[in-house]
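What follows is a single structure, and I will ask about it in a moment.
Order of writing sets the labels: A, B, C and D. Residues in every chain begin at 1.
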C-alpha cells in the first residue's frame, strides 16, 4: 500500500507511554537521530528500548535516557566511548538492563518478525547469560532456548524509500534496521530520499514495504558520530 | 425448498469476484492456488491491494501478454506473472517470514471443508495417492485472517461447511469467512452466521445444504454478482 | 576467498553416494538444470533430495528420480503438472517422501544455515503433519518444534557471481537458492555470468561469497519449464 | 628462572603479527575488539584472507585515509573501515547467521582468562560496574575455531592461562590456540601444549607464569617476531 510521508515529529506521534521501542543502529551507523530527537520532544515515557548499545554522549538514545524516558534497555553492549547517561542511571538503580548476546539479540528480533516464539542457539550455553533459561543437549551439544523479542514500535534509519515502503540502506548502517522493521507492530522509518513506486529495483529492495508503516523524510540526516565528536547535546 | 439450485449458483469467477469486494483498502493478501487466484482480477477500481506470492514476490501483477512470459517470474500456482511498480523480491525464508510472522492481512484459500469452529481442511482429502501440502498450512497459521472459497456442497451434494472436518486439517480455528456459490458465511464464536445469500434460494434450502447450524440474521444481504464472470 | 570456476560436470564431482543434496527452484524457476543433469551423468546414488517439489516431466530432478538415484525426497509439494517419475516410484514403495509445509521447509533450511537446531512454529500445529513432534503452548497458542535441515551439498542456480562467490539471482528464481547455499556443507552454484571481485555492488549481493564453494559457468542456462513444454527427456 | 622478563615480551602488535602468520589461506575470519583487530595488518603478502565484521560486513578492508572516514561504514570496534573488492553487506541477523551457523573458519578474540579445557572468559571480569557482552559469545560458540590473544600474565603478574576460569565464561571449551606475549600455546584434549616461545625465556619460567600444566615438546619452536611493531 502507499505509505504516508510525514515529518519526524508526526511520524513518532503514536508512540505511547510504556511502549517497547526498537531503535536501529550500531554505534552511530544507522542511528535514526532525527526520529529519536522527535521522540524526546514528543514526551513518551516509561519506554523499554531495544538497541545494540545504550547511547553515546548527550544526543540520540543517550539523551532519551538522560531525560528519564527509559525504564529498561535491552542491548548487547551498553558501554561505549561515553555512556555516562546510561551508566549513571544504571548505577543509581533507576534504569533496568537486559544484557543479550548480540547475535541472540538479532535472531530474537528476526524470530519475532518471522513468527517463531522460541529457538535453540549455542550462544551463551554454559555461561551465566543462560542462567534460568531452558537448555537442551542436541547431538551432544548444549543449546539455550531463546524467545522472540517483539516491539510496539521500531525507529529505523534507512537511505531510500519508495512510496510502497520498500527500503534500501547505506553501507553498514543497514545493521538492525531490516529485522526491527519486521519485529515491530508499527515501524517508523526515516529516509533521505523518497521516490515513486517502482523507483527501487525490486531485486535490490532490502526491506519490503509490508514491514514499513510510517515514513519520515529527513533529506539531510546527521550522523550520530559527528554530533558526538562535536560535543552536541539535545535538546 | 428451492428446486433446481443450479440456476442460482455462482460461477467460480463470481465467487472470486464476491470475495474480492471484501478485501480492505491497503491490504496485503495472498491468494491460494485455484479459485482464489482469480480474486486479483476483481478488486474494485481505485482500491489498493498488494498481492504476495509465497515464492518470494510482494507486489504481484497480472499475467503477462502471451509471448511475454518469463518463467523466472511465476506465482505460487507456477503461472507467469508480472511485477507491479513498488514490488519486491525476497528469498523463500524471508517470504514465509511475511506469512508466518503475521504480516499478511489476509489469505484467501480454497477449501475442501470448513468447520463451524473455523477449522480448515484444504490440503488432503485423505484419499490422495501422493500427498502435497505446499504453503497452505503456513498461510492458514500465519495470516491475520483466512477466508475460504468453495462450492457450498461437493459434487455428490454433501455440505462442505460442516460441524467438524472429516478430512485432515490444514489449520485449526483459522477461517473467518467463507464465500460459496450460494452464500457468504462468517465463522464466529457462535459458529456459522449467514451474511449474504444468492437470490432465488431460501434459507431453509441453504440450511439443508450446510452441515452445521447456520445462524441467520433478520435480514441477510443479497449476493448479487455481475453476470458474465 | 577466490572461488574456483569449473564446468557443471567438474562442479558436481564431489557428490558422493548417500549424500543429502538440496536443489534450488520452485517449479522451473531457479532449477539448476545443467547441474542436475551433470549429477545424473556423474552417477551418485542413494541420494536424499531436498527441493520444493519432486520434479516435472523427464528432465532435471524428475530424470534424476527416474534414473533411481534418489532414495528419499524432502519437499512440500510432490504433485506437479507431470510428476509421474516420482509418483510411480512412490506408489511402488521405491522412494521415500518426507512432506514438509513449505514455510517450515524454508525455515528449517535457514535454521541449519544459522546454527539453530530447532525452533517453534505455529505452522502445522494441530494437524497430522505435526504428529509425533514436540508441541508447546506459548501465550495460549500451540506451536510445533521443528528441527534444522542440513545438507552435504546444495545445487543452486543463480544469475551473476563475482570471483569472491557473491551471488545475485533473477526475479523469483531466487526462491530457495540463498538459504540452501547457507545450509549445505558444500554449495555448488551455476551462474550465467562471472565477473571479477568488485563487479557486484556489495549492497545488492544476495548470497555472500562465504556460502559459495564451487561455481559452474553456464552462460546460456535452459529453463526447466521450456524443456518440459518441449517434451524433452534427459539423458 | 629468567630475570627481567619485560625485555623479552612481545608488544601487542607483535602478538597480533604472530597470530596473523597462522591464519590459513582462504580463511574467513572475525577479529575481536582490541588486540585482534591489528591482525589484519600482518597477514603475509599473497595470502588471501576475508575479514568479517559482525555488524554486517564481509570483506572488511583497511582503515580509510584521514578525512575519508564514513561513519556508516565501521567495524565492530566502531572504527571506520573500507570495503575490499568482493565485499558484501548484510543485515545483523544475516551477519550473525554467518557466525552462529559455523561459517567462519576462525574468530580471533581477546581474553581475560583461557582455561586448559578451552574455556574462554573475555566479556566480564565479574567486577565491571556495567556489563557488556557484544558479539563475543556468538563468536565463541559459532566459529569453527577460536584463537585467543592475551598477555601471558595480568598486570599483577597472575597467569591468564589457567586450570579453570574464575571469571564468567564467554564460551565453554572453545579455544584452540593462544597467542601471548611469551608463547604460542595449543589447547588440546591433554590441556595446554607449548608450540613456540620467545627467545631468552626458559621453560621453567614459562611454566611458573602459566596457571595450569604446560606440556612441552622436545623442541618447542622459537617465536621471532619482526621488531618495530
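The definition used in the following text is that a contact is a pair of C-beta atoms (placed from the backbone, for glycine too) under 8 Å apart; a residue touches a chain by one contact, two chains touch by 3 or more.
None of the values given here were measured: they were computed from a predicted structure.
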Touching subunit C and also subunit D, the following chains: A
Averaged-CA centre spacing for the pair subunit D and subunit A, given as whole angstrom: 30
Distance from subunit C to subunit A - Cα centre to Cα centre, in angstrom: 34
Centre distance in Å when subunit B and subunit D are each reduced to the mean of their C-alpha atoms: 57
Sites on subunit C at which at least two other chains make contact: 107, 110, 114-116, 121-122, 169, 171, 174, 203
Subunit D, residues touching no fewer than two other chains: 83, 89-90, 93, 96-97, 100, 142
Chain contact graph, described as a line, ring, star, complete graph or other shape: other
Inter-chain touch pairs (all): A-B, A-C, A-D, B-C, C-D
In the complex, subunit C residues that touch subunit A: 107, 111, 114-122, 136, 138-139, 141, 143, 168-169, 171, 174, 203-204
Of all residues in subunit B, those that touch subunit C in their complex: 53-57, 70-74, 78, 83, 89-93, 95-97, 99-100, 128-138, 141-142, 168-172
Touching residues (chain side subunit A, partner subunit B) in the complex: 1-2, 110, 112-116, 162-164, 166, 182, 196-198, 202-203, 205, 208-211
Touching residues (chain side subunit C, partner subunit B) in the complex: 26-30, 52, 76-81, 83, 86-87, 90-91, 97, 99-104, 106-107, 109-110, 121-129, 142, 169-179, 206, 223-226
Residue ranges of subunit D in contact with subunit C within the complex: 25-28, 48, 50, 52, 58-59, 83-90, 93, 96-98, 100-104, 142
